[in-house]
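Each of the next two complexes has subunit A plus one other chain: subunit B in the first, subunit C in the second.
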Partner chain A sequence: MTIRKMILASAAIACAAMPFSAFADTSAKKIALSNNYAGNSWRQAMLTSWEKVTGEAVKAGVVAAADAFTTAENQATEQAAQIQNMILQGYDAIVLNAASPTALNGAVKEACDAGITVVSFDGIVTEPCAWRIAVDFKEMGRSQVEYLSKKLPDGGNLLEIRGLAGVFVDDEISAGIHEGVKQFPQFKIVGSVHGDWAQDVAQKAVAGILPSLPDIVGVVTQGGDGYGAAQAIAATDRKMPIIVMGNREDELRWWKEQKDAKGYETMSVSIAPGVSTLAFWVAQQILDGKEVKKDLVVPFLRIDQDNLETNLANTQAGGVANVEYTQQDALKVIESAK
Partner chain B sequence: MNPFLRLFETPWIWSWLASFIVWFLTIMVTLGASTIGVSQAALTFAAFSVIVGLGQMFVITLGPGNIDLSVPATMTFAGTVALKLMNVENGMILPGLLVTIAIGLVVGLCNYSLIKALRIPPIIATLSMSFIVQSAAIWTNRGLRIKPPSALADFTTSNTLGAPNVAIVALLISILAWFLLEKTIYGRWISAIGQSMPAARMAGIPVDGARLATYLFCAVLASVAGYLLACFSGGAALNMGSEYLLMSIAVVVIGGTAVAGGDSNVPGIWGASLFMFLVVSMLNTYGLGAGIRLIMTGLIIISVIMLAGGRRASIR
Partner chain C sequence: MTLRLSSDAMRLVIPALSLTLLLAAVFWLQPRAMSYVGLNLLFNLAVPIALATIAQMLVMAVNDLDLSMGTFVSFIACVTATFLRDAPVTGVLILVGAIATYAGLGVVIHLRNLPSIVVTLGMSFVWGGLGVLLLPAPGGQSPDWVRWLMTVKPPLAPMAIVASIIIAVVAHLVVMRSSLGVLIRGIGGNPRSVERAGWSIVAARGAAYGLAGVFAVLAGIALVGLTTSADANIALRYTLLSIAGVILGGGEFIGGRVSPIGAVIGALTLTLAGSFLSFLRISADWQIGAQGAILIIVLAFRLMLNRVEKREKGR
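Up next is the complex of A and B:
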């Protein structure tokens, strides 16, 4: 009941906030989630958040259905077929985390032509008819170097851990990091490895390059790789550099242990997997007849020394620090884009 | 022929030679200062590839079409289930290991049942099995990362007399595999099956029994590797096995084992595993971009296989 009240209340606020918006009823609308991959903790958290938030929304009668579908092989062709199925099944909106920014454009266009609202997030698509909820990945990379420049005014050598080679997100974050190094020239990137956003891969790559590196003062990362880097560095007799973390629970827990033991300081930044729920609410608002800009920006979730404990307590063991978005949050994001 | 030349006739020498050159080039960047660090890291990470590679080698020995694609899923599933069961308690290490082995046996049995009873080609059977196993791993704990028991975590990450413990475990398993392959009737059987299954059958070799045992062996090694890797890296992750699919096949091929089956060797697995780790480390150390790095990795692997394969062609 409280949930129903909360949603009714937020709907009421939404009404009050936008007296001029056309207010169509979305209770008969069906929304589908097309997801390309489920094989890591971030995606698992993303799906769990989706299930939780949309489950409540369906129960409260905001929408008729919000089903999640994940492809088995992380292939664009497979996901295109999945989208075509969704068109045939008569969904009113498709929320999409795409395997490729361009390869799905054909299927997305078909969906748009069939009158379906397509909202892409995280893995966005370039097709102009779709909405995009993107993260400013460049800023995410740059802010890491900025943080380090405050902690280490003298600068020094950095090790960069990149993500999966050839993926758009990896290029963006890395470009941001290099921009940051240009801005703060006291830092120098002396080594760069690909950790594939997986801590065991990162551990292996870092352990391989570490013996050949000079002293490093910081490690800039992309998320999911910080704990692996820490493990690899701890296995040597090097002094622990400042490793920027990526909001994974194992990273936060390690940070907390180090903080308690020797006052270790760092920060952690990543996107919250709950961004899927933001995309859901945006899709719901569009179906509701609201005017929404095609390009929206979602803020990233940053954890600092003083709010580490709170965030760690709220993060499920083995999961990722998460925020689930409400209809109001979605409205705020939509408003700020105008 | 003198013994030195004879050494060059062995199929595994090329992978060893290649890994030595790459190792030398890597440590020369720091003029030798990184020798111990690079060697220990190489031995540690090669150990996991060795364990899965040995299992895959036995399967590939069975002849054309035999391959186990369920290796990564089995690793992930065994790692997640074992760590969940042990639940950070040192007293549960042995039960955890037993469950790991049991998982390997079940996956191996299912693999071979699909191949034999339903007459599905191994490549399809093990691939579909891997979907089932991977889904089971996701379902078990939804990507939750549980820490390994402290004693096990210490064991897998520390050294004995300068040699990483996981490398010692891999060495013991390799000796067992070498003994099975070279000194037992079972080893002769699988080589015979790999060379010609109908001939082996006519010679009275229990073909189905030997093939079943091989698929079981491969799956058990994969699950043990998953168990060790999960403990080594501080918890199981859903994608922890993914790079070991290609890796397990690559080390077999680079190690000089005949892809067509019937002719295998254990030392080559070690040479190839060390090489696969060192080549990435070397290219990282020289600071090359990801694109060039991948192209170089591919070219180097092709040239090693060509050298090893050229030798074989000239003999036959």
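Up next is the complex of A and C:
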């Protein structure tokens, strides 16, 4: 056996043993979560998922520590200081939900220069040395129209509910929806209101625009606004259109009621707050020495007619449907990016 | 007792003492901070805050209060990250115009006898709006020389310490040693007597605001040097931080009683307090409260000292 063959063979064994060797190599590493805001149900669920998954990982000896830090105020300068403190505290990786895509670049660069792995998710940073786990918001918008085209092959008029004006996420989802309408030209958006991702705002906005609209067959949304839209439409004598939901508990509960009463059909799509745990596993894999592309895409969480009950049962009252990721899920995401 | 400190020196003792105490606590919690790199990481974000604090101090020296400091520094940050990089000449013109506006504000406030709080609160919306116009979404990039300046590694002491000392010395020379500085403090103490002595109060007040504008502009530029980019909300916290820094550093709301060296120390203390609490692993829900508690403790010391001072004067 030549040396070359021996190296190849040992490399093959190393590859095969990868998921197991991971447990040994990062056991001394410390990972920190830098979070800029904790004031809504999504962020609370995100932090709870982090605690649960990383707590088990620490107990199992996968990593030495995985501490979560939230800034006292939602400000980029505050978070930059927090990241610099983490460098001093000697963390090996920082998982980051950023207050600003660019204003933290200086601090992130300091961390990279200190040899720290930085993985940003949800609120991502543009600094090239950091990893990004981004959500394909455009696809999230487009898939709604695609779903409607299957349910309603004849097409028809749509009402669009947008999010908070001037926020990047709102622009992206809306762009995706309009792309979808171009792809399925049997649909036409006849009205558009801002629901600010809040049920009460959406209800008021929809109630305001409804009298001026022709018949609508579907409502495309951004999450957190479907229940409000349903309330507004139920108050009129219109036929209930297909309202795409956004995984909030009140939306799913309403959908279940309608499904049981008259077989109402729709779907629900949003990002699981447990994406923080995916970022954790990706950071762990990078620390383990795995080659990971800088830009990863996180799958979004979609709920359909048949798995509505299980998802509703797993969702806390007033919360968001969630899914926690495992090391295997992270490996799958990493592989699919190559 | 033969050794007696002057009241000015007394004013400096408390802030210096609290900074030393806090620093010792941080070093004890996190020995890694006790190094060149560590000190820089602890203090580099304090440099723009120190500059903004000096700016606020100049306004407070003439018995006014600037509530637009945060939005103004944010606006300057936006200008720095866009115009100052892409079209330096236009960028400098905008910055000069901003400083002139500040001086003009001082003149208007004095001539029309307006409350500074109302005028600056109004201006904060103007600066905020201009910032959003320049950068509707976070972005821009810091000019290379600014980035170089804020990441330079001087021998002996890290950039953050050297910069703080330079800021303190320059501000001290301007406010405590120059005739303009005496005049500015004089307006805060007793404007009528300054006027009777033949000085133009309007000009002095305009100069105080103009100088504040200069320091605030420097704060914005320094901030972009650290963050590498800007957004219209980047420095909103600076309004309250700068006021707290002045008070923590021995300044007072009235009477032209300010201390530039103290103000810089105050800004450093505030920054350090945040790190200290984070090293202690205090949950975010308690951090704002804990930060407030540190402020109250320091101010309580101040009050006690003031009482001692008064008793001695009364004797």
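Here is the rule we use: the second predicted complex is superposed on the first by the 312 of 338 C-alpha atoms of A that agree within 3 Å, B and C clash if a C-alpha of one lies under 4 Å from a C-alpha of the other, contacts with A are read in each partner's own complex, and residues count from 1 in each chain.
Methods note: a contact is a pair of C-beta atoms (placed from the backbone, for glycine too) under 8 Å apart; a residue touches a chain by one contact, two chains touch by 3 or more.
Nothing here was measured: the structure is a model prediction, and the numbers come from that model.
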item: First (subunit B), second (subunit C), both or neither touched by A:A38; value: both
item: Touched partner set for A:A261, first subunit B, second subunit C, both or neither; value: neither
item: First, second, both or neither for A:P101, with subunit B first and subunit C second; value: second
item: Partner chain in contact with A:A313 - subunit B first, subunit C second, else both or neither; value: neither
item: Which of subunit B and subunit C A:A72 touches, first, second, both or neither; value: both
item: Partner chain in contact with A:K109 - subunit B first, subunit C second, else both or neither; value: second
item: Partner chain(s) touched by A:V193 [first = subunit B, second = subunit C, both, neither]; value: first
item: Doubly contacted subunit A residues - partners subunit C and subunit B; value: 38, 72, 166
item: Interfacial residue positions of subunit A with respect to subunit C in the complex; value: 38, 67, 69-73, 75-78, 80-82, 84-85, 87-90, 100-107, 109-110, 114, 127, 166, 168
item: Residues on subunit C engaged by subunit A in the complex (per definition of touch); value: 30, 32-33, 37-38, 41-42, 44-45, 136-140, 223, 225-231, 233-237, 271, 274-275, 278-279, 281, 283-284, 287-288, 291
item: Touching residues (chain side subunit B, partner subunit A) in the complex; value: 26-27, 29-30, 33-34, 36-38, 41-42, 44-45, 131, 134, 138, 141-146, 157, 229, 233-235, 237-240, 242-243, 277-278, 280-281, 284-285, 287, 290-291, 294
item: Subunit B contact footprint on subunit A (complex, rising order); value: 38-41, 43-45, 48, 72, 162, 165-166, 191-194, 196, 198-201, 203-205, 207-212, 227-228, 231, 235-236, 249-250, 316-319
